[in-house]
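Input: structures, listed below.
In what follows, subunit A forms one complex with subunit B and a second complex with subunit C.
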Partner chain A sequence: MFSFIIKGIFRDRHRWLFPLSVIIVSVAILVFAFSFMDGFMMSFVRQTARFDTGHVKVVSRAYSEMLNQKPHDLALLDIKDLLEDWRAEYPQVTFVERINFGALIDVPDDEGKTLMQADAIVFAIDLDPAGDDYHRMQIDRALAQGRAPRHSEEILISDIAFENLNLKLDDEITLLSSTVFGSMTMQNFRISGVVKFGIQTLDKGALIMDLDAARPMLDMAGGAGEILGFFTDNRFDTTRATSLARNFNQRYTDVDDEFSPVMLSMAKQGNTGYMLQVMDYGTLWMSMSFVIILGIVLWNSGLMNGIRRYGEFGLRLAIGESKRQVYFRLLSEALIIGFIGSLIGVSIGALISKNFVMDMSVYQKSSSILTENLLSTTMSMKVVWVGFFTGLLSSVLGASLAGIAVFNRQTSQLFKELET
Partner chain B sequence: MKHIALLIAILISIPLAATTPSADTILQEMDKNMITNSSKATTRMVVHSRRASRSMEAISYSMGNEKAFTEYLAPPRERGTKMLKLGNDLWIYDPSSDRTIQISGNMLKQSVMGSDLSYEDMMEETSYTESYSAKILESVTYEGREAWILELEATSENVSYQRRKTWVDKERYVPLYEEWYAKSGKLLKTFTASEYQKISGRWQPMKILFKDELKEGKGTEYIIDSLELDIRIPEHIFSRASLRK
Partner chain C sequence: MKESIVKIRNMGKAFPTGEGDFWALQNINLDFERGEFSGIVGPSGSGKTTLLNIIGSLDKPSLGDVEVLGQKIQTLNQKKSSILRAKHIGFIFQTYNLLPVYNVYENVEFPLLLLKMDAAKRERMVKDAIEWVGLTDKIKSRPNQLSGGQCQRVAIARAMVKKPDLVLADEPTANLDSENSYKILDTMLKLSEDLGTTFIFSTHDQKVISYLKRIIKLTDGEVSSDDTQTGV
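Up next is the complex of A and B:
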């Protein structure tokens, strides 16, 4: 029976050419679009976690109220013992300390007078090459010139800031900021290297210094603005992160102490959670829209084809086939066309996606979304299944709608149409 | 009968009106008190931030509104930090980095030493008559002192606060309490002056509480431990060279 249907479809070009072409093209576009969206999403999650949010983040309660402003004056202080406890209690998470703060870069001339000034975001991380954060921030890969700091008075600067300030390696700059208690603080640093992360927002004006240099500068003994937690398998999962944060907060957060620690899942940090939701819903909406649009196209195609095949239907009904049998045969044909079309569409979409790389730097100049400048697609089984079933479903939907016309025709009318 | 009552009311109001000076006169009298030819003061600034309270000691010199020099004496972390204001320019010297840096642009809006005062506040010309026009809103009793509430509107764009409300002591012509507003009408800071002393013929507040209404904390107390007015101050103090000395 199956081979009979197959022969029936492919011996009549009108039955397969248009629906199959529509499904192949649409599924290929869908697979490519989803793999691009997934690539964007993965890049966003990866880079946002790496540079900003971690999979979870521990801050003081007061800090969490102004999370986007990164108020380092509300940092957690003297947390060494607590951090040891957390590391022992949550072995599935790697905790790293960070201090992010705003500063003014002051470039002196030969006489020590201000030559140029620029605003900067300073990332203070553990710059020990054997350390976890050094690799997570991909310092070696990001180094465009020079080397990583070896002493506390050395610093890394982003390439755009380096060029804009006309600096050279080993030049001295002064950083102006405020301590954790609000006092003004100034410190001189030598440029040991230039970094380029490929992320516009960071490459514009970021500085990277060692935590051990930042703490005395900011009068932040044993403190950290943020403690980022990364799951050891390096995969973010909203449910897992939310459950971990709930458990942590039940143990460590004191509602009466605004400087007690609080853990926030990545999905609960500022706009990141909103972005994650939008992306999730975006996939769902896009998939549903494709099913509906493709369904309508294939419905119309099915109607056209159905009209052409009224004669055939009339004959089949006349020789004793029931309307239901004719209808299900139509659906079977649609299922086969949908299956083959989706299979080919997924393959073509995957092939297009495979080597696709897009330079997003032009679009990121005014964006604060952290993604790599070079964005590639990400193929996953999810994309394959979504693409495949969208194609299959729309084919069946189109045929099932078009096939209803069979029930609206009287056998006699169909037979009459056979005569004409 | 009606005419007699009206006459009595008019007669009573004549001496009252005669004793209330105009708003401009009040501003002039306030300027006479607050603006000094020169001054030398040892001060303490107690910053009550969200995290903790901390105190800083400093010695300050000023010549009119144009020149000011401050050297921080304590705590050790701040010791040796100096600030110099010459007209519209402000420099800061930091002994640990041995750098003198001019504060300009956005930096002027930053807090001075974590206090409720910004560098912009420090740069502010405090002459009421030059910067504001005023009108008297009402008479009140404030902290046991008879006072007028004046509404001040900036006469130029160059002031940090476009509108102020000032509670002015009727007897001493000094501000007791002020509210500083943004152009939008949002309350930005409050100023509470107390412990007035008459020094060299001028009433001067020995304690001021500044409160940035946009941030948490209990404000910054500015306490003057000693104050000398209209004294001779060597000109070299108001030079950039004095910052690194």
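Up next is the complex of A and C:
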């Protein structure tokens, strides 16, 4: 009977051409859209983790309560031994130290008086070119002019700030901020290079300096505002990160000590978790909407096709099929068409996705979301399955709705269609 | 006395209309015996097709009893009536109603697929049925490659392939020329005699009437005469 149904479908163009085309096109669009969304989300996750959150982040409990303000006066101090313990205990995670703090840039004139001032956020990282963080921050790639700092008095500046302040390479600037104990601190730096990350929030007013230069300036020997943890396979997974944080906090967090360390997964920092959740819900809703819309389109095409086939149904009932059998054979046809259409649609969608790269730099000029300049799609098994089952389900849904008409007509009425 | 495979007692069939029920059939009392070659004749609207639909369990009577092969049509559920049709009843239609996307072999094979028999037996039965109607050389042809007479012969093969007890033929010659009409009537008569199949025709074609051994005349939904023809 299966081969009988297959022959019936593919020898009758009306049965397969429209539904198959609709499914192929829709599934291809869906797969592309999902892979694009996933690509966007992965880019967001990668960039956010790289520049801000890590896959997990360790801070003091007090710091965690004001996380968005980056209060470096609540930093973890003298953490060298602790850090070694964590590295030994959690070998699946690479820990890196960072200090972020707000500062005022003072640009002097030829006489050393203030010419211009601007506020900035300073990222103090390990700028050793052999180190992990140097590569993670993609300093070499981001360098638009000059070179990375080689001495503690050298600093990198973002390109927009560099232009706005009319600076030149090797110019000297003064940074004004506060130490970890609250007293004012200022220090001169020479601009060794200009960086452009392609991320508006960073390019507008960021400075990058070496940790070893920041610590004495902030009176923060052996300390770090944040310790970022990255899974060694470089893949963020909410469940894995949450579980790691839970384990860490059970061992190291002391509820009575506000300077005890606390680990936060990426999803628990700022609105990152919300963004991830929105993306997940977005995928779900988009998939369900496609199932319903496609289902309605295929329902209508099924109805039109069904009207054309009432005579055939009548004949099949006369020969001895029950209405239920006729209905299930209609569903079988839809399943076969849905299966083939979804398979082709997924393949086409994957092919388009594979070759798709989008330059996001134009849109990022007004965006505060951390994504990469060149956005590529991410094909995953999740995207494949979502696309495939959306096509399959919508085909069956459409046929199951259209097929109800078979039940709603009297057998003798269907039979009469034979004569028309 | 031969076995009666269709028994109709005090049967009536009404269709609802805007002005109350319209009785398409009334006071029908008939018996059809195994192997009978009979026909229901009458003008259009006399109730012939309605009567065939009820005997074929495609419709139910509004009144009375209809028993086909021991099963009461008025109480049969959908599943049981479809099993009755699949196993015991064949249909032949005025417009052939072959499935256009299937070839001759596949059209004839379809009723056997519903009976879930093994492939070898099915193939043998299909080829036999196609041979009965003389279309072995057209076995791979699609309906649109056949003449009207050939299509009706395929329809006969499809109705007969499962060797049913009863064949209901609704105006089977209406779309055929004389030569083809006689050919298919000869074929049906021979199959009825060889296989003991009961044929009930609905017709007003004189060619068909001339072949019938029993003629039941319907007028305004009632049996107005029921005659046996001798020397057919």
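A few points about this structure:
Convention: the second predicted complex is superposed on the first by the 410 of 420 C-alpha atoms of A that agree within 3 Å, B and C clash if a C-alpha of one lies under 4 Å from a C-alpha of the other, contacts with A are read in each partner's own complex, and residues count from 1 in each chain.
Here is the rule we go by: a contact is a pair of C-beta atoms (placed from the backbone, for glycine too) under 8 Å apart; a residue touches a chain by one contact, two chains touch by 3 or more.
Here the structure is a predicted model, which is why all the values come from computation and not from measurement.
Following the overlay on subunit A, a side-by-side fit with no clash is recorded for the pair subunit B and subunit C.
When the two complexes are overlaid on their common chain A, residue A:219 makes contact with subunit B while staying clear of subunit C. When the two structures are aligned on the shared chain, A:74 is found in touch with subunit B, with no touch to subunit C.
Taking the Cα centre of subunit A as vertex, the centres of subunit B and subunit C in the superposed model span 140°, given to the nearest 10. Legend: residue contacts after superposition of the two complexes on their common chain; A:106 is shown touching subunit B, with no touch to subunit C. In the superposition on chain A, A:91 makes contact with neither subunit B nor subunit C. When both complexes are overlaid on chain A, the residue A:321 reaches subunit C alone and has no touch with subunit B. Minimum Cα separation between subunit B and subunit C in the superposed model: 77 Å.
Touching of subunit A by both subunit B and subunit C, each in its own complex, is seen for no residue at all. Across the interface of their complex, subunit B is touched by residues 62, 73-74, 104, 106, 108, 112-114, 117, 119, 174, 176, 178-188, 219, 258-259 of subunit A. Within the complex formed with subunit C, the subunit A residues making contact are 1, 4, 7-8, 11-12, 311-312, 315-325, 410-412, 415, 418-419. Interface residues of subunit B, counted against subunit A in their complex, comprise 47, 49-52, 54, 56, 77-78, 81, 92, 94, 96-102, 104-107, 110-115. Against subunit A, in their complex, subunit C makes its touches with residues 53, 56, 58-59, 78-79, 82-83, 85-87, 89, 91, 93-95, 97, 99-102, 106, 109-111, 113-115, 158.
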